[in-house]
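Shown below is the structure under consideration.
Each chain carries a letter (A, B, C, D, E and F) given by its place in the written order, and its residues are counted from 1.
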Amino acid sequence: MKKRVGLGAAMALAALLIMPGSALAQGQAAAVDVIKGELDITWVMVACVLVLFMQAGFLFLEIGFSRQKNVGAGVAKVLVNLGVVTLAWWAVGFGISSLTGNKLFGTEGFFFHHGQEIGGVAVGGSETALMLFGMLFCAVSLAIVWGTTLERIKFAAYAIYAAVFGAIIYPLIAHGVYGGGLLADVGGRPVMDFAGSSVVHLTGAVGAFAALLLLGPRLGKYAPDGRPRAIPGHSMPLVGLGVMILWVGWYGFNAGSTFGTSGNLMAEVALNTQLAAAAGVLGASAVSYMKTKSVDVGMAGNGAIAGLVAITAPSGYVEFWAAPIIGLVGGVIVVYGVYAIDRYLDDPVGALSAHGLAGIWGTLAVGLFGSERLILDGAAPGVWYGIFGDASLGATIGQLAVQAVGVAATFTVVFGLSYATFFAIKRTIGLRVSEDEEQAGLDISSHGMYGLPEAFIPPEEYPGADHRIPTPAGSPARAPAVAADRLSEA
Amino acid sequence: MKKIEAFIRHEAFEPIRAELLEKGFPSLSIGEVKGSGRQKGIVESYRGSRLTVNVRPKLKIECVVEDRDKSVVVETILKHARTGDVGDGKIFVIDVEEAIRIRTGEEGDDVLQAHAESEIPG
Amino acid sequence: MKKRVGLGAAMALAALLIMPGSALAQGQAAAVDVIKGELDITWVMVACVLVLFMQAGFLFLEIGFSRQKNVGAGVAKVLVNLGVVTLAWWAVGFGISSLTGNKLFGTEGFFFHHGQEIGGVAVGGSETALMLFGMLFCAVSLAIVWGTTLERIKFAAYAIYAAVFGAIIYPLIAHGVYGGGLLADVGGRPVMDFAGSSVVHLTGAVGAFAALLLLGPRLGKYAPDGRPRAIPGHSMPLVGLGVMILWVGWYGFNAGSTFGTSGNLMAEVALNTQLAAAAGVLGASAVSYMKTKSVDVGMAGNGAIAGLVAITAPSGYVEFWAAPIIGLVGGVIVVYGVYAIDRYLDDPVGALSAHGLAGIWGTLAVGLFGSERLILDGAAPGVWYGIFGDASLGATIGQLAVQAVGVAATFTVVFGLSYATFFAIKRTIGLRVSEDEEQAGLDISSHGMYGLPEAFIPPEEYPGADHRIPTPAGSPARAPAVAADRLSEA
Amino acid sequence: MKKRVGLGAAMALAALLIMPGSALAQGQAAAVDVIKGELDITWVMVACVLVLFMQAGFLFLEIGFSRQKNVGAGVAKVLVNLGVVTLAWWAVGFGISSLTGNKLFGTEGFFFHHGQEIGGVAVGGSETALMLFGMLFCAVSLAIVWGTTLERIKFAAYAIYAAVFGAIIYPLIAHGVYGGGLLADVGGRPVMDFAGSSVVHLTGAVGAFAALLLLGPRLGKYAPDGRPRAIPGHSMPLVGLGVMILWVGWYGFNAGSTFGTSGNLMAEVALNTQLAAAAGVLGASAVSYMKTKSVDVGMAGNGAIAGLVAITAPSGYVEFWAAPIIGLVGGVIVVYGVYAIDRYLDDPVGALSAHGLAGIWGTLAVGLFGSERLILDGAAPGVWYGIFGDASLGATIGQLAVQAVGVAATFTVVFGLSYATFFAIKRTIGLRVSEDEEQAGLDISSHGMYGLPEAFIPPEEYPGADHRIPTPAGSPARAPAVAADRLSEA
Amino acid sequence: MKKIEAFIRHEAFEPIRAELLEKGFPSLSIGEVKGSGRQKGIVESYRGSRLTVNVRPKLKIECVVEDRDKSVVVETILKHARTGDVGDGKIFVIDVEEAIRIRTGEEGDDVLQAHAESEIPG
Amino acid sequence: MKKIEAFIRHEAFEPIRAELLEKGFPSLSIGEVKGSGRQKGIVESYRGSRLTVNVRPKLKIECVVEDRDKSVVVETILKHARTGDVGDGKIFVIDVEEAIRIRTGEEGDDVLQAHAESEIPG
């Protein structure tokens, strides 16, 4: 689908060139072709901006779900991770992910530079845009990983895993599905994952799962009798900020995965995205209300994200009516998922559910609802059309199975590599801060200062801070020092 | 001199302060405390887990007065702080041996509440 | 470098002009037409993203103006409302708003889907983009409603009104003005409301007004003697975040209402928007300074919003010189409006002034400053041109009257329907939480947990939280448990 | 108007189809040219939105680095400044910056309006877009100025300097480099500053430097023995928000400075931007870790900004491999710069280092790494190519010298004018609030209310606030008043 | 009656509260304080500068009991608050002259901790 | 033993703490309180409405010392806390019956401030 859209448009225009007519018209056609190319890339660039912005979304989701003593660490983490993954992708990752090489990995595009030949094409502006888009997807996937590790992982562990993830783990999966790798042809059918429910979100969640197994829960998360205890994050407003930024960014994530404007397909993808996110919120809110007679704020946010994750794979392949269904189920899954997982694993932001379970659901949903009109060549439509439409039921079930294979393969590869990486980190520099450092909070113990200093340092010790009596604006006069007391008493 | 320490509900403070001021007792201090008594804890829920908070926010009033003024202050507090429900709080009276006004260094009963008319700023 | 790129391309194309042409040129023309269509839709999609982002703007305006005990509720509200309105618009609202049917409501486009015929056109990508743009406008209008209801309205009331609003109330107004309804032809002249000072902002504010009349003020807002008391919102930084996001989003809101790039009109609309917002800030700040000898932070923000609301209707119809005037007046109006309304009605964010009064002013401003060059066919320019230019004064006054009719009709319809809806809610499930719930805050009473837990739950009760002595980063060693005390003392 | 635009364009194109032969092709060519123009402006408009958003980035950087008592003042400041600079640029600044007039200043474009002739071209949509883009750049430059003045400058001083800056100071520099002024031809070579490391960032930092010299440090910043004391900002999460918004906005800032989509150069610029920002984070984090054994959160953020500032001038002129080097050096410089400057000057956000030093470095870096393929006509490539490539070493060193001249000239002009302006303010209305006002905080003393009221006003005095026992959601019943105590105890 | 004032580490509170409740002493108040004693200050760093904090967060427990119950409370506190390291804190005992339950206005020893069975809410 | 309770301005704390430490009294506790006395309330404005705050932030120092050390502490506080303006605060002295060091369980005057040289950590 992806690449093909751009190619299709290019071919259509190229076809025009063989029509009879004058040389002027031919020059014209070339000019039109160039503009069409630039228009496509303009849209991709807009999408890049939106996907980059998602880093802020993940940041605030994490910060909001952290306690006050750990909020600064999140900032350092997201910046350093984005730094590492950017360079890792540029130097190595893009090459491995690229549409070259063999079924397992790409072999061209390392240390990406202008004029470099990749798959026979010399790198120019449009190739650069697509490479950047891929980089930012990789960064999103990485950001998901940290959701389970809040408030206790060592700072150095981030940076190391980020390098491995950006250079190898994510690129392998991306190559597998988008780069002509093994998953692009599973017994003749491609795994369909329009924007990455599986490639990006499940991958991130599986990395998170591997980390969590080796890391263990936060101190105090489980009562002596094993029951989970609530450790409320410090700010729902910041969680809300994170969710809204992600929602907005997802327009770039999904609708940008059209790689251009042909047929204005990006608008259809965007509407699917909006409908699923909406239904995700409602599904999660309804379930959370039914279970506790109140709408848990964080769950409403997780519902939005689950809806978005779930529609990510199908967003370019399904009709509008299917999107609310896919989102709603995503929203329901995420609440039950958080509740169930919380009994055994300490996942402060709910990444395993929102990105993992919803990512699996979304990938399978393509096999349930994929529309003939939109799916990839060689793929079969969804089982729905096998039952209610005139598609062959067998073929549709086959496609569903292929989608499941995609999920299983992604899980296996990412889990294996991630577990090995985190295991190596644990055995060498260690994965977790000491108990004292955890109790004190990562801000002070790993970064030397609280992220919210005035919440921790008493006012009388804060330099230059004192509680002198304020002279509110509009007071008749300003007098030096303590005499102001008298003034403000007037 | 006696120090009156009262643990009360927050919403009772404004009327107490206003009435004490009117009766000539402008000076007191308050602090945020949390108390446990016969009120049960509050159960909160978050993402499916529960959190029990066993202490409740209360306000502690501290007011030092001459011996003879003690009962006025106690009664004023009782008047406004009593709702008749569990959680209204307690008043304790403690003996104070000395009192010093920092601004002047003066000691004794006089520094506690009374003001020379001239001293009260406009 | 800069300029030269564009010039180079232009010159290359100009060179083509001297070559001869043919039938190929006709195929070309079609291709050019397609690209132009895609370019228009690309701009609309960018605008969609910006208008969606405005939800975050409204969210932080509300959160900032709330007390700490009500901040999480805002997050749940904005997510659930966005969810409800999205689905309501998709299923019903868009159809009612559409350019089909009769003077009162549209009749095609329900359960919007690909290929569906609406007004004789089959739904494709570009129709989808416009439908999405309309949906997000409806969501903005709804978000305005909640400004007056903060800190006391029941959660269920949101969701119910959101459904009615998204399915019926807003669509009726949108159909009236934009969908060929009654207001598109008032005695031969159209009501001109470029991006919705009236359609979107006044509509939201009137819904807010109806809600407020039935809801009453917050506990403690009015002293026993009836004087209003200040109930300061908890965070001006978050108000500032909201204002800045709205300002940015408004570029999509106004400049996206060109529905394309023709004539690069979107740039003119954007500059008008920027100038009016700027003047709105200055107007509000100046008045607030004159009245209190200090610049009220929230008022500066309200000034920006009032400037933006005021320019919304005229943004595509007036020359640049008029924009600062329109914005300035908007900024002045909002301050006086907030002061005056506060005496009788408890509107914590100032929505009645910023969206209501400024929305009315903006709609009328088209009748004062509308430029011949830009106005709709059939409309007359502004009274300014009647007085100082060579337009017929009578015609211009007539247009001003038509604008007033637009305002009055919008007010009447929205107020009637909204009041009825809220009245029904009040009589059935109730509109307002109990006094105890209000005192305790909506976060804990409606959502089971504080939005800022560490501001309310004592540290010794917070699981896993304790005040163990921090071992700051860079300390020589990390030791288990209490021994760390000794270390950090070194 | 609305719908009509799209339809109108379609109809115009359809009309072309019936035109015969070469005439048709000529019409076509014109149509193609128009669309290309619109596409370029579409990209510029996207960039405008992103650059406007940077205001929010600067706002949160400042707020995060302020103490709680000064957080509201930042909001009022950014809004009022944006207001003033917008109008100043529209009325005067753009004219002075414009590509007209003499070597020192432009002479056309005052009170910018439609149809106005500027440099022989009548103002239309595309000229408007570029004027708006320039305005928003000016606003960015101004926002940088305030970084050094936090927590003690008078409110009125902002507004006055903003007017001078927007009308005169910044426009002079912009004219000098981009408007065909003196710096566009230094002994035959142009100063190359693609998006403004020097024009925008150094200019802002120099204004900040002038302000700081006249303003002095915050109370308590220096211990009696002269050693600097830490005055930690109140919120690293908000600093993180600011950094992420700036990073995203910078895609518009740099990649928008292509002024169009030709050759998809904007993608190359964006990738350079991303690589340098990433390396900036890593450079600053590494140095900060080496010096303190912990990663200072604010420094990681400053590293990102320094990387971005450093790449701003070279972003359109260098190959990808150079970007990480430029960013890394920027990140290293910023940490050493902050440490060194802090000993003498109180710059709470590090603007002097992040925008000043990194801006100088970035401007010089063009002279080191500028690539033949990308540089301006008349310029020489970087010294690197003189040493390792086949460019003339002398010529490349000459270009480096020209870059240095650009820096020196910018410094001199901006410092002179800024110092004079601030000096005049100091002598008339005064530059700094009183000690009491500073102690009390600008929020209460200049704006009449705390920006975070609940952090300062005791709960028992807060209207309508009390600590009534919450009845958590899901409780069996809601009872009036104090009886709720009993319920919640069940 | 005696008032027991103890300055302890935060983490000691939960076990103390739980054991006192079990032993029939549900009523007490706590407040956040900062203490300086033999623990040294904490040095923090920020953007290259240093900040020394000389006081540490501690919890102050206040519990008024009848004279004869004093030692039970003191021992319970000692039991849970002692880690053996510097910074464990202190307990002080002060005489209280009067105690009044605000809800009922009753005075005397009875109001301090004991409850009629019927009074204890479910 | 005596407990000295002083209500002071925040900015006075650092010099008091430093001088007491130097004089051999490292141990004390502080807490945030709000006080009302002869200082008038503060009027704030917000969106055109007014808000009056009647209490002002003060710092409460609590320091228990042997009887004979009382006057040293009182004088140190007086020295640094006095500005001569309304709002300087008050010092109260209360009798303490017992004092226990939690870390060791020791009782009596010795636990209050004095330290064996060996005990003071590096």
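Just so it is clear, a contact is a pair of C-beta atoms (placed from the backbone, for glycine too) under 8 Å apart; a residue touches a chain by one contact, two chains touch by 3 or more.
These numbers come from a predicted model, not from an experiment.
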Chains touching both subunit B and subunit E: A, C, D, F
Equivalent interface positions on subunit A and subunit D, same or different at half: different
Between D-E and B-C, the pair with more C-beta contacts: D-E
Interchain centroid distance [CA atoms averaged], subunit A/subunit C, Å: 28
Separation of mean Cα positions, subunit F and subunit A [Å, integer]: 53
Where subunit C touches two or more other chains, by residue: 13, 16-17, 19-22, 25, 28, 32, 35, 37, 39, 42, 46, 229-232, 241, 292, 294, 296, 444, 446-450, 453, 457-458, 460-461, 463, 466, 468-470, 472-474, 486, 489-490
Residues of subunit E touching at least two other chains: 30-32, 34, 39-40, 44-46, 51, 54-55, 58, 83, 85-87, 94-95, 121
Chain contact topology (line, ring, star, complete or other): complete
Interfacial residue positions of subunit A with respect to subunit F in the complex: 458-461, 466-470, 472-474, 482-483, 485-486, 488-490
Sites on subunit B touched by subunit A in the complex: 44-51, 121-122
Residue numbers on subunit E that touch subunit B, as the complex places them: 1, 3, 17, 21, 26-32, 62, 64, 94-103, 105, 111, 115, 119-121
Residues of subunit A touching subunit D in the complex: 22, 24-25, 28, 31-32, 35, 37-39, 41-42, 44-46, 48-49, 52-53, 55-56, 59-60, 63, 71-76, 78-80, 82-87, 90, 111-114, 124-126, 128-129, 131-132, 135, 155, 238, 241, 292-294, 443, 446-454, 457, 462-466, 468-474, 478-481, 484
Subunit E-touching residues of subunit D, taken from the complex the two chains share: 228-232, 291-292, 294, 296, 298-299, 338-339, 342, 350, 486, 489-490
